[in-house]
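Chain nomenclature is as follows: A, B, C and D, assigned in order of appearance, with residue numbering initiated at 1 for each chain independently.
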Amino acid sequence: MPAAAMTAEEIANLLHEVFPQGFYPGCGLAIERVDYANVRVRRHFQESHIRPGGTISGPTMMDHSDFAMYVAVFSAIGPQPLAVTTNLSINFLHKPDRGDLIADARLLKVGKRLLVGEVTIYSDGVPDPVAHATLTYSVPGPVPGDTD
Amino acid sequence: MPAAAMTAEEIANLLHEVFPQGFYPGCGLAIERVDYANVRVRRHFQESHIRPGGTISGPTMMDHSDFAMYVAVFSAIGPQPLAVTTNLSINFLHKPDRGDLIADARLLKVGKRLLVGEVTIYSDGVPDPVAHATLTYSVPGPVPGDTD
Amino acid sequence: MPAAAMTAEEIANLLHEVFPQGFYPGCGLAIERVDYANVRVRRHFQESHIRPGGTISGPTMMDHSDFAMYVAVFSAIGPQPLAVTTNLSINFLHKPDRGDLIADARLLKVGKRLLVGEVTIYSDGVPDPVAHATLTYSVPGPVPGDTD
Amino acid sequence: MPAAAMTAEEIANLLHEVFPQGFYPGCGLAIERVDYANVRVRRHFQESHIRPGGTISGPTMMDHSDFAMYVAVFSAIGPQPLAVTTNLSINFLHKPDRGDLIADARLLKVGKRLLVGEVTIYSDGVPDPVAHATLTYSVPGPVPGDTD
């Protein structure tokens, strides 16, 4: 396994620079582990995550899946902040607790144009996952005349 | 085609009552049309929707898809705020403009336990869609005589 | 709307040439309509499609979705038989009848590298769809050094 | 972890009984390992699996994913042959070799009404996966006291 292309601190600095409205001190996101193509990201609980029924909303978990995959992309191919999601598919498995969400993201394919990964989301301290997502990211490439 | 189970105003009132942190005056969401199993919802542009590259973020469109489907569920089966997403799959097609998002949600199946729908998202005034999602919602049971 | 890049007959001839084990006289597949990015394909009923419960199997409908999208790709960009599926997501809505399947495929995006479409499958003569799929196809591209 | 609800031999016998057109001596499918919610299934190579480009077709891998998940469902809840797929989402990662396919299926959720799992497909002897799928199966109800 190669070394990660960026450390957790380098990724945090990059995100703060290019995405200041999404990642800033106090935003509640913490990059807890970065290995090559394999990362863990925490989202601290906020009341705004709650939906009817008293559980954490689906869009909060979608957002967290997408963020974890973005970090995993950086871990494999370095600073490519213009990488974009082309597909996300998520299944909700169990109602999350009122607490932090932990996302484990793992890349299944690191291609030159497309990266595919899976993200498993847990409630902190609970062994059964609350959601599972697969995502594809596209890296803006040197394709002459390409407007995709 | 049957009549819608709830009007746009009734759905807005329900959402404001059961989901005050997600739907409130000034939240930027507007339910523009409600027919049976077929609705249109607008999300007014906010700077917080922007991601690196100057375009609207994927999670903003995921959230909007999920919200539009939630409204479509109410249009077909009435006030069931504890209905929950079990699956969402979304494809991103074109970069959205810096402007409002329009979501057209249409149910493909209205079962006793599961509802399936598709949501097409547009940038306001642009004919080509920016994203397309399919979603499954589960209605909390028990459902006597369920044959789904 | 531009004209279709190939006619139904041209697509049938191409398929028979490049995919003789999949498309041949008597294989049960018929390309019924080809417009630009919008096609209809029929699969004649065969007993081998049946699964436990007496209904048509899921893999039969997956296969039919994928075939219809392949034809839709040709309708938009011409003879590119090396185009490959990168993602398929399918929802099963109603149990199909013992009869022909009709697939309506429609492209949502025609990019230089990726094409995205949706396929709705019906039992012949029944208005409610039995399945709905979204697919992404990748066109092998002139990306120097690309091995995706 | 509980014991598997059925052994590989019991599952093979059940399949041969209820699905004789899909599972029979010489069909090329072999159930190689059955643990609770975790199974391995092999598909022997056949020329009919090949698509243009000389690689194994997408529908062959979709079919194999669905079959592996069906076996995993039996491993967890016993003989429920009327369990049906409600959703499948698959990503194709690498072109498979001309050889056997191995599917590892693992359940992520075993609910009373819905089971969710993921299937990773390999070319026999090759470490990188060729495809990854997530599936939902629905178990026919009514289920007294269901709280899913």
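Just so it is clear, a contact is a pair of C-beta atoms (placed from the backbone, for glycine too) under 8 Å apart; a residue touches a chain by one contact, two chains touch by 3 or more.
Predicted model only: the values in this text are computed from it and were never measured.
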item: Set of chains whose contacts include both subunit D and subunit B; value: A, C
item: Taking each chain's C-alpha mean as its centre, the one farthest from subunit A; value: C
item: Interface residue overlap between copies subunit A and subunit B, same or different (over half shared); value: same
item: Turning angle required so that subunit A lies on subunit D, C-alpha fit (0 to 180°, nearest 5); value: 180
item: Chain pair equivalent in interface to B-C, over half of contacts matched, among B-D, A-B or A-D; value: A-D
item: Separation of mean Cα positions, subunit D and subunit A [Å, integer]; value: 28
item: Whole-Å separation of chain centres (CA-atom averages), subunit C against subunit D; value: 23
item: Subunit A and subunit C, separation of their C-alpha mean positions in angstrom; value: 32
item: Residue list for subunit B, restricted to those that touch at least two other chains; value: 86-87, 89, 91, 136
item: Touch list for subunit A against partner subunit B, complex; value: 18-19, 21-22, 47-48, 50-53, 57-59, 62-63, 66-67, 81-82, 84-92
item: List of subunit A residues in touch with subunit D within their complex; value: 87, 89, 91, 93-94, 108-109, 116, 118, 128-129, 132, 134, 136
item: Residues on subunit C engaged by subunit A in the complex (per definition of touch); value: 86-87, 89, 111-114, 136, 138, 141-148
